[in-house]
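Heads up, the thing below is written out as structure tokens.
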Amino acid sequence: MRHDQRSNDQLRPITFTRNFTRHAEGSVLIEFGDTRVLCTASIEHGVPRFLKGTGQGWITAEYGMLPRSTHTRNDREAARGKQTGRTQEIQRLIGRSLRSMVDLKKMGENTITIDCDVLQADGGTRTAAITGSAVALVDALGVLMTQKKLTADPLKGLVAAISVGMYKGEALLDLCYEEDSKCETDLNVVMTQSGEFIEIQGTAETKPFSREQCNQMLALAEDGIKDLILLQQKALGW
Amino acid sequence: MRHDQRSNDQLRPITFTRNFTRHAEGSVLIEFGDTRVLCTASIEHGVPRFLKGTGQGWITAEYGMLPRSTHTRNDREAARGKQTGRTQEIQRLIGRSLRSMVDLKKMGENTITIDCDVLQADGGTRTAAITGSAVALVDALGVLMTQKKLTADPLKGLVAAISVGMYKGEALLDLCYEEDSKCETDLNVVMTQSGEFIEIQGTAETKPFSREQCNQMLALAEDGIKDLILLQQKALGW
Amino acid sequence: MRHDQRSNDQLRPITFTRNFTRHAEGSVLIEFGDTRVLCTASIEHGVPRFLKGTGQGWITAEYGMLPRSTHTRNDREAARGKQTGRTQEIQRLIGRSLRSMVDLKKMGENTITIDCDVLQADGGTRTAAITGSAVALVDALGVLMTQKKLTADPLKGLVAAISVGMYKGEALLDLCYEEDSKCETDLNVVMTQSGEFIEIQGTAETKPFSREQCNQMLALAEDGIKDLILLQQKALGW
Amino acid sequence: MRHDQRSNDQLRPITFTRNFTRHAEGSVLIEFGDTRVLCTASIEHGVPRFLKGTGQGWITAEYGMLPRSTHTRNDREAARGKQTGRTQEIQRLIGRSLRSMVDLKKMGENTITIDCDVLQADGGTRTAAITGSAVALVDALGVLMTQKKLTADPLKGLVAAISVGMYKGEALLDLCYEEDSKCETDLNVVMTQSGEFIEIQGTAETKPFSREQCNQMLALAEDGIKDLILLQQKALGW
Amino acid sequence: MRHDQRSNDQLRPITFTRNFTRHAEGSVLIEFGDTRVLCTASIEHGVPRFLKGTGQGWITAEYGMLPRSTHTRNDREAARGKQTGRTQEIQRLIGRSLRSMVDLKKMGENTITIDCDVLQADGGTRTAAITGSAVALVDALGVLMTQKKLTADPLKGLVAAISVGMYKGEALLDLCYEEDSKCETDLNVVMTQSGEFIEIQGTAETKPFSREQCNQMLALAEDGIKDLILLQQKALGW
Amino acid sequence: MRHDQRSNDQLRPITFTRNFTRHAEGSVLIEFGDTRVLCTASIEHGVPRFLKGTGQGWITAEYGMLPRSTHTRNDREAARGKQTGRTQEIQRLIGRSLRSMVDLKKMGENTITIDCDVLQADGGTRTAAITGSAVALVDALGVLMTQKKLTADPLKGLVAAISVGMYKGEALLDLCYEEDSKCETDLNVVMTQSGEFIEIQGTAETKPFSREQCNQMLALAEDGIKDLILLQQKALGW
């Protein structure tokens, strides 16, 4: 039994609060248990230089943790004058994951910037960020459609993400911070609505993992992500 | 009549949510109407170099706006690699204001760092930040007392802050963004529980202001701050 | 009696040296006692991006202290790779103050950059910088007029600035460094030629200040600034 | 048939040149076809702050591409003043991979810094860097052993890394630049000598991938890495 | 006798390896004994802003040392976030020296960027960099000519560079690291094919030098550079 | 005849104003015609890390130009966030030159920081900076002697510096900005009181220079520096 009484294949309570703030075209507070991430999607006209004149749109993501979202306070990245390697790695992952949801060619020369700001961290902030941002992105695309800025719907489908890990030889779904800091292996998986992989990132923390364990973890992740996509759909009223 | 039906001397609805996040020793979500600022107070043992060995404590503040807390998205300061002059000015103001609440000599060699992160902006973020952080600071000092880290209570009293402005020749209390962007003069006032000034910062935006107008604005601010301090006390259960 | 024999309402000896350097369109060495600030005004054609195409001009200011202008040497900001919060706060104040002197709409798409470099510091560098820069700005506008770059004179009037403080319960005008470092409250005031306020920035250093003390300080500042404006006019040969 | 006549499961020609430069304790030029990476291992006494006093050692990695190692010149990161997100992501991956080779507790308070500098890039620089650095690390550990700085051999075993990808529905081993830029999915795998995973990083570039494809790619990677480890052993004269 | 058995006026073994890497338009590995510098020349269309519209080309240089090219590891400049003063001084010297080889007016609006990366350092990296880059530059100009991008050959002639020093009162040619770190004076000389000076940079390290010694060193340098230019010509097949 | 009526071997009017500012231990305003540089010497106890515990002192220099010391305004380095390569090159040159004046072993663990700030530039700022700083350094050493911080006088002698150039085939001493920007070759020379060289830095600007021209320029520089040293001695009252 896990310390919060979950079974090994059980997600934490998941909540989506749409329109959490009012200025952004999409604004979702996602909660995976005690992990809370504010995901906003902002539409800006124009695209980065490398896309100018192509008629194609762009989606990019930025990620940050509030300094005291964590157990002990971290330096504010804006004050230190640079983002950590971890931050950059995560925001690149979020960006790639969300771009896979959309046919950029149908977006016109618009950029949607996803901001994922962690208000409270308890493990799994990157997977929560992807899962919540997917909903915020759908809302922002809806705004573009409503404003008649697009001639066709660029949305290809949802994506969601979850972490899994090996702990004392057992595969666990959706690790909280305490589990994450103790587990032998940590695997983050991003999948589409149709059950295919967008990203798989597995890292042996204290012990290498076998092909067999890899399969166990992927199976667990697939089930978890299916549930998350149902919850996204419900949140969107689909 | 103001566009949100307030009278000239009326505050927006003010809400304090203590323990908004769970890791920080003090965590308050303050709302001044649509302005929402998360204020956390973090205790760290040790003090900056210039205080080492003095037995004295320190209080410092950092401020940031989430990129899409505003009507149009602002660059993320962590990504740009530096804080704007406005950010630095505000965090210096918050730090000075909060230090005036406490007898630093009674704090031991502990540092309390106040983080003010704007989740949603609608004018008055710096005054909301000071007013909310004062409550978070009281909570963090309470933790130090409970942990028997201090021999005497360092708290001297509360401070709160409000903005006032001249708009079409009339003095208005607690400006929202729309009023702030149109007013002729903007004055931010920080006061103590006992009705004395900690900071007065008045800036003529489009038109210089007279001594008479200055007095009018200060009077309005004094009344507003008295109300804010009552609300702080109620939030603290005093 | 103050340590330099001044009465409480007396300015230090004030000197304006126009054309202190020869390249800038306006170049004034201002001295407030031992505080010496070189203020230059440089005309550049073109305006910042947010004003392009508006036909309007812009005035901006930068501030710096030579590393050994002070009692003990400070790090060179260029070597550290960033300006301190104090520097940014001061240069923003100088910029706002000087923009209030001019009808930017009559300036054409020209930018005047004010550089205030402190050669020697003895308290009051920001108020000396504003007072000296006002004269340098008039000289630079004169160059634009002489060169027939402008169709109407954009100058609305002079501004000047002074510091006042409470020390042992008495209000003192024009604080030198020693007074500044001991006083209970420090108030910087920027006023126009017509006796209205542009900026009021009061900070309780060691003790909050009352409404009554605020009034005392403002009165002292008004008189001091009137004198400074007479001296500016004399320096300009008006 | 691949454009360089390789079969789908064939590595490019692999070369290890030990002692490529003479100052470093380990210095290996690794070549995966036209990809050439210089991997040096430098011993420094002392460890980062978080390990001081633990008696434990540390291994860290840095990665860089010479500006014209690529088809078109990239900006020099030292001149731009920061490392890209990609660079940081790669050097974190290399560091984690190499730390898994060693029992840090047996290393004493020594730090080994791995520098991976890409002289020529043709795809797979990160996997070449890991594979070459593993040999440089063994050489540096040998120096520590020879100098009698260690009481027990900290080496647990070798690691090596390879990229695999899906291209037109087929799994390909060891992608060159041209293949990498066209493939649908890119998967980097790091494995130990004993056939277990250290890292799996799979990214759908243009098309999501299925569980089946994932398995195909992992199988291909396993075989490739076994070959690489034989080549490492041969290079080391084991 | 010098520690590597050279006579005072003898160069170290000099090697030029053209086409050391395959992407750059010019790529030369130059070796001065154990000093090895990779010099690449990259053609980019367009010129810096200050030359736009002039029809003139530009040549610029960047320099870097791999962190472990030296006896003890140096910080990676990209990780530290800035280039040292020494690096900037050297890359400015290389740029000026190479621009003197070419009639920029005949280059069209093309920029050639020279990257000099030190793989292994044993004294004289800047002079090796200039000498090797001259050959890489000739190769890159050849590419422009072959591509019919130029109407006339912009090459005016070769330049080469050597260090000389005073050691125990004797003038030595082409100092290795050990000599360089002990010598009393260090003089770097850049000369043209026709025997005229482009740069002379002499620095007294531990002892001032006389006019007579200066002459001795210049004479030695002239002879050394004549030899280097013969070797450049041979490498180019002239 | 030169445009300011000087003969080819004539210095501009040279002025030293000691104690130009009052806080620094040495403070000299040096003027070479219209070039004006404020040179301050600041004593700080302690030395950089690499000298700790050696009993030896250190001298270092920083250089900056006020943004409008020049004909057209330059960006403020502190605002841009980095010093240019030119600035770094110059401050390294000044530091080396001044260290040659002193026996650092006799300085105790004290650091003297020389700040050279150009108030007005008309060519030759680096040579004026060295010549003026030499006097400021003597003053600061005098303070250390007076305070009995040193047991023996560390001063070995004065240094001074001058620029020479080839213009239309003639050698000119002490170039002003206009001459500097047109000349074919620019040579900066630093010499000791005893007539030996500390630095020689010659750069062909538009045309290589011959051995003969080099000799002509060095001869001119030697005479100019002798005169400068007499003026330094006079300024010091020797």
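Order of writing sets the labels: A, B, C, D, E and F. Residues in every chain begin at 1.
We adopt the following convention: contacts are C-beta pairs under 8 Å (C-beta built on N, C-alpha and C of every residue); 3 or more make two chains touch, one makes a residue touch a chain.
Remember, it's a predicted structure, so these values are computed and weren't measured experimentally.
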> If you walk touching chains, what's the least steps from subunit B to subunit F?
Replying inline: 2
> Is the contact between subunit D and subunit E built from the same residue numbers on each copy (over half shared) or from different ones (under half shared)?
Replying inline: same
>> Let me spell it out: compute each chain's centre from its C-alpha atoms, then which one is farthest from subunit D's centre?
In response: C
> Comparing centres built from CA atoms, which chain ends up most distant from subunit F?
Replying inline: A
> Measuring from the mean C-alpha position of subunit C to the mean C-alpha position of subunit D, what distance in angstrom results?
Replying inline: 59
>> Taking the mean of the CA coordinates per chain, how far is subunit A from subunit B in Å?
In response: 33
> So, what's the distance in Å between the C-alpha centres of subunit F and subunit D?
Replying inline: 50
> Which subunit D residues touch at least two other chains?
Replying inline: 81-82
> Round the ring starting with subunit A, subunit B following: which chains, in what order?
Replying inline: A, B, C, F, E, D
>> Touching residues of subunit E toward subunit F in the complex: what are they?
In response: 82, 85-86, 88-89, 91-92, 96, 100, 187, 191-192, 194, 196-204, 208-211, 214, 218, 222
> For the complex, which residues does subunit E have touching subunit D?
Replying inline: 21-24, 27, 34, 36, 38, 40, 42, 44, 62, 64, 66-73, 76-79, 81-83, 87, 113, 115, 117, 119-121
